[in-house]
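Chain nomenclature is as follows: A, B, C and D, assigned in order of appearance, with residue numbering initiated at 1 for each chain independently.
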Amino acid sequence: MEQAKTVVEMRNITKRFPGIVANDSVNFKLRKGEIHALLGENGAGKSTLMNVLFGLYQPEEGEIFVNGQQVVIDGPNKAIKLGIGMVHQHFKLVHPFTVTENIILGSEPRKWMGLAVDKKQAYEKVNQLSKQYGLNVDPYAKIDEISVGMQQRVEILKTLYRGADILIFDEPTAVLTPQEIGELLVIMRNLVGQGKSIVLITHKLKEIMAIADSVTIVRRGKVIDSLPVAGTNPNQLAEKMVGREVSLKLDKKVAVLGEPILEVDNLVVKGRQGLNALNGTSFVLRRGEILGIAGVEGNGQSELIEALTGLRPVSSGSIKVAGADVVGEKPRAISEAGISLIPEDRHKHGLVLDFPVRDNMVLETYYQPQFNKRGFLDYEAIGKHAERLVKDFDVRTPSIMTDARALSGGNQQKAIIAREVDKNPEVLIAAQPTRGLDVGAIEFIHKRLVEQRNMGKAVLLVSYELDEIMQLSDRIAVIYEGRIVGEVKPSETNDQELGLMMTDYKQKQGGAGNEQAD
Amino acid sequence: GAKNNNGGGAASPSASPSESPSASPTASESASPSETVDGKGFKFAMVTDVGGVNDKSFNQSAWEGLKTLETETGASVKYQESKEATNYLTNLNKFVREDYNLTWGIGFLLGDAVKDAASKNPDAHLAIIDSVVEAPNVASITFAENEGSFLVGVVAGLMTKSNKIGFVGGIDIPVIKRFELGFVAGVAAVNPDAKVEINYTGAFDKADLGKAAAASLYNAGADIIFHAAGGTGNGVFNEAKERNKSAAADKKVWVIGVDKDQSLEFGDDVTLTSMLKRVDKAVYSVSRDMIEGKFPAGQVTTLGLKDDAVGLPETSKTNVPQDVLDKVEEYKQKIVSGEITVPTAQ
Amino acid sequence: MDAATIGHMLNTAFVFSTALILAALGGILSERSGVVNIGLEGLMTAGAFAAAVAAYKAQEAGYGGASPWIGVIAGAIFGVLFALIHAVATITFRADQVVSGIVINFIAGGSTLYLVKLLFEGAGETTLVNEVFHKVKIPVLSDIPIIGDGLFNAYPTTYLAIILVGAIYYMLYRTAFGLRLRSVGEHPSAADTVGIKVLRMRYTAVLLSGVLAGIGGATIAMTTTGSFSHNTISGQGFIALAAVIFGKWNPLGAMGAALFFGFAQSINNVLQLFDFTSHIPSEFIYMLPYVLTILVLVGAVGRSRAPGALGEPYYQGKR
Amino acid sequence: MNKLIKVVTKDSALVPFVAILLGLLVGAIIMLIGGYDPILAYRSLLETVFGNRYDFGETLTAITPVLFTGLAVAFAFRTGLFNIGAEGQYIMGMTGATVIGVTVHLPWYLHAPLAVIVGALVGGLWGMIAGYLKAARGVNEVITTIMLNWIALHLANYIVRRFLLEPGKGRSYMVDDTASATIDWLSRFMDDARMHWGTAFALLGVIFFYYFLWRTKQGFELRVVGSNPDAANYAGISVNKGVIKAMFISGALAGLAGVFQVLGVFHNQVISAGHTGHGFDGIAVALLGGNNPLGVLLGAILFGVLSYGAAGMSFGADVPPEIIRIVIGSVIFFVAAPGIIRWLLKRISGKKRKEEAI
């Protein structure tokens, strides 16, 4: 990148929250037409810095220059005026609204002397922008009805609609499928091509290497380094970020396969809309292996998990755990039969955020004899149990009496994993276990999953991240429209082939309705 | 154990169904003493039901009776309002324990509380309106509402043009039933062809229900409605007023008020007459008896037509023609003489 | 049942429903902006009180037929005053919205009665106002059988309520203001990031709910009671709240729910006119509206979906 | 509701204390505006409550029903349910006790317990209707409980009028003495105040509330359901069962309030024109107490003292007792919005801290 003009400069930004300095005298520069990556551990202060730039937070100290002019950004309105747009880590979309309504919200085209919203004009504008940047969204669809990837495009359109030249993406790929990630990267290049500048927050080193021009690394609120991507490599970045050496490669022993423990045969399950989400899914999971379920989101993964754990009724087919059919059993019975679940949505399904860590640790086992004394809960035993898990799994919490809400995402996830692993299940189902986590946390969690497998347990890994699937699995089953359409070994395949199977399996030879194991 | 009565809290019925707000004939006019009595040093008190002392109904009427007593005799008087049913007994006890000469419980809801206070304090004197308390130190005052209602029934029976008459009651309880039965009997006595439609609203405090009830009765052809429904009756008046605003002269509808002269409150373009119930008079005269040493302890006094404790107000002549009033007087004599027995509720 | 009876029942239903519709509209605005409004009862109480007092004073001062309108305006103002307490507590100080609503009910009930006693020399009820609203027949339309009497022979406030249903529906779903208001109740931080002033929006909505519920209370004082006492408002606010939920936070739905309720009430009185009903204990007839409401809810498919951020206080940086 | 739960636990004990003072202050200001003497008024209030044994005993009797309904509402809150129907459950509990008290004749050691149990069951079942409709049909419990309050009122009136009526009186027959829950020796000691076992049962209710929710498996389940129903499902806890169970227990607690009003205070049931308000007051008490059992107890005491004392206030200082509702409302308000108190305290102390104020 030649010496382009600086569009944003943040100087000595300090932002404090009670008890923590989220940004400690941070300097940051964004040049026109570049993609600038912001890298750091969970809680390093990346989002905070960008929230300051977008006017959501007011810094205690520091100055901001936009296009060479010093500015005070006292709210998103001001940021928008300055041409800054942000695609947030957690989308800011109003779900019952349509795509167009979300995009125009706050700057609606009017008619009838400003009395009514001019919907027609709005739809046209959205259509036109969508075409111009190759975003391809349906302006009439409700947010509820569109995929996460589409939702993200709506977020992008929102910024473009407001005429943003400076775009901030906060962990945009954490929630996307590999295909969507690919498409997003194209869109980003496209945007830069049309003169926009982009800040990209991500934990994925591969993406930085693939698309960013420069990278700034933050650790504990401080800038560690800022350098062009061209002159660095993933290992170096990871080390700068965590402050120690991180092994990006997982070392795994060869799997020692045992007998089949989970046998799913011809499973048919209805989805939320009443249509069949699983259409005769069959696979077998053996002791001592990690089976990765690869697939594009929405191909029945959630329904599969829910059916396996008894949360969703099964229309037909069988699920056998150690030979016993568990179809029709209650979630608790299935859990006792030896299935554990690390749910996809840790806030919604995994934890009671307003309960202390201690109580969350026994969310599924509180009724068992070891936690009860004479008909009452034995908090002493529960407390000891929780202390042990917190220690064993390195859950960083001030105390076991701290509410789960106060833990960082990574530590919340560790708490859940501790709880599920400790149940000593025959089958551990891990759904998106590392979504949104930094490399350090990912490393820890991956190690734990492999450890389970090495102990002869079976792990079912459901993930939309190909990297994770490829790295962890001993075997990969591809799910498409509610069926397992093929099985491959990670060593014998690559991203391209998997990607093809996930989207259009017919091109893959003889994969349809595959039932044989291994 | 202690006995009391648990009526509704914020919205309990008054046994006496009117809450017509207005200056009714003051006690001094009607309950004027024949000779002066010196009541200095005597202390009288009353406890209201949850309606409160300014309910523009029987609590207020009773308080007027006591105030007249104060002016006339120099006795000291005081009241205490009850916020909820549990307060009835505690409020009565408040006075009893301070050695009041006579403590009144106003309304049938206080019956059990008066009984309890009386049995725990045999030296105290108490009196109760609208209920019978069997205790040697309690005077019970009830009214023959059925007799007065009979007379307004006579008025309605003679004056209806449509031969359809309405009755709107609050809650179906014995006191209100007395109004209904007397009224129906009065209508039947003078006009056997007339039909009385009965509508109980289930509440004493819901003007909207009263209004709706009146609307359906008038719509069904009734031209006169007698209400015994307290605040619910306000809705009856409002509906009638409204109809009369736009109706032709021969389509006018009427309401017969209750307890007090409600024409003073709602005007005589809708109020045909009212069924008076002279609580003030009763409170005044029994209290006065106490000063004179004639307290009817342990007795039940039923005040009816013969005592002029129920009946029609003077203002009735505005809307009720003289021949009808003559008929009313005729029936009054028959009832007083015992020639006619008016049915009553059990 | 003949046509006249049905028309009449409709008419009565509207009398009952008017206040419910108005208060429910207020509830919808508040809750659509994300603020639970369980204080409708109190806001209606404040409105009814103010209307009864103001109309009485206006009548005394010789304003004649304008008095009930003055009452309605006073009702709106008082509604706003109490709504302001709710707004400050829940929006600025982020008090629990349910608690604040209950507080409004408490304070409105207590303070209006206290004021009545101060203003009317200790009386528990305001002096009856003679200048109240009267039904207005709309020419021609009111001659249509059934619905003529049912719909076009109503109080001015009923017409006002129906117009407001249309207006608020339009506002919510067609105007930018409505879009923003709904977005604030669904996803305040989304609204915030596009520059909508969330708190200001919520204040506006809550204060408007005070206006509407206040007017709702005022209509009761100005059409059915003519005065204010401790039981002028007894439960209507809660029924209006039920209508908000029953009507799925939609003005038309809430109007339907309020009318349904009014209709069930008017069936009461009509039923008592028939001989066969004399065998039915009157208590069962009184229960009817409430039982019907539950039955309809049970029969109605689909759970109603509350605004996404209902009940959640908002502050920037909240996650 | 989470915020609510934390209000009491998180902030220092100072907040409720200051809230009460501020509430009384608001009342005093309003009294001054109305031309009354607040000092005299509050003194009369306190004298009424603590002045003699009789009134003190009656204050305890006044606290009892709102303690029950407060616990009922708080219990439902803890399970994520807003039970506006304590009023109806109260009425049904009362009716159940009256029916047994009047129509059944048994020795005392069977009669009174049977009346209590039946009353609690009937109240519980009445609450369970709303719970069932929510669980099975997804009907919002706020609406159903509002409607059920009215249905209960009329149903109870019907039962009393049709089956239990004492001729000539607008109420049921007196319940048998064998069903009475009065404590005669205590009443005598308290100068004839109506002391009854309900007060003791209500205190047991406080302990039950705590032990059940925080110490038992079922209580744990209910709290999970209340705090995060999705997580409950994932943890194998049935949300629907929890909802029904919670509404049953809540209804039974409210029902007990009615039971003891009949068996301990009134000994009969009247045909009632309207609601007593004890159920609605229970909401206020629950909120005052931050849905904590101990808080609810303190809230009920405050509520009972202020309400009972209000009568004395109007007796001694001629202040309209309505003022007390303003005071109670203000106290709840300040408890619920501790931000206001902190803001006020900061204004008063004049200190300005750099952090966000609230």
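Here is the rule we use: a residue touches a chain if its C-beta (ideal position, glycine included) is under 8 Å from a C-beta of that chain, and two chains touch if they have at least 3 such contacts.
Values in this document were obtained by computation on a predicted structure and should not be read as measured data.
J.: Between B-D and A-C, flag the pair that has more C-beta pairs in contact.
T.: So, comparing the two chain pairs, more contacts are at B-D.
J.: State, to the nearest whole Å, the distance from the C-alpha centre of chain B to the C-alpha centre of chain D.
T.: 35
J.: Please work out the Cα centroid separation of chain A and chain C, and write it as a whole number of Å.
T.: 45
J.: Quick one: chain C and chain D, Cα centre-to-centre, how many Å?
T.: About 27 Å, centre to centre.
J.: Quick one: report the Å distance separating chain A from chain B, using the average Cα coordinate of each chain.
T.: 75
J.: Which parts of chain A, given as residue numbers and ranges, touch two or more other chains?
T.: Not one residue of chain A touches more than one other chain, so the list is empty.
J.: Counting only residues that touch at least two other chains, what does the list for chain D look like?
T.: Within chain D, the residues that touch at least two other chains are 154, 157, 161, 274.
J.: Residues touching two or more other chains, restricted to chain B: which are they?
T.: 10-11, 172, 202, 205
J.: Run through the chains and report each pair that touches.
T.: A-C, A-D, B-C, B-D, C-D
J.: Could you please specify the touching residues of chain B with respect to chain C in the complex?
T.: These residues of chain B touch chain C: 10-11, 19, 21-22, 51-56, 172, 197-200, 202, 205-209, 211-213, 215-217, 219-220, 231, 234-235, 238, 242, 245-246, 265-267.
J.: Once bound in the complex, which stretches of chain D touch chain A?
T.: 2, 5, 211, 214-217, 220, 223-224, 227-228, 230-231, 233-238, 355
J.: Give the list of chain B residues in touch with chain D in this complex.
T.: 1-13, 15, 80-87, 89-91, 93-94, 97, 108-109, 111-112, 120, 131-132, 170-175, 202-205, 345-346
J.: In their complex, what parts of chain D are in touch with chain B?
T.: Going through chain D, the ones touching chain B are 54-55, 58, 61-62, 154, 157, 161, 167-171, 174, 177, 180, 182, 184, 187, 192-194, 196, 261-262, 264-278, 307-308, 310-311, 314-315, 321.
J.: In the complex of these two chains, what residues of chain D are touching chain C?
T.: That would be residues 1, 3-4, 7, 30, 34, 82, 84, 133, 137-140, 142-144, 146-148, 150-151, 154-155, 157-158, 161-162, 274, 283-284, 287, 320, 322-326, 328-330, 332-333, 335-337, 339-340, 343, 358 of chain D.
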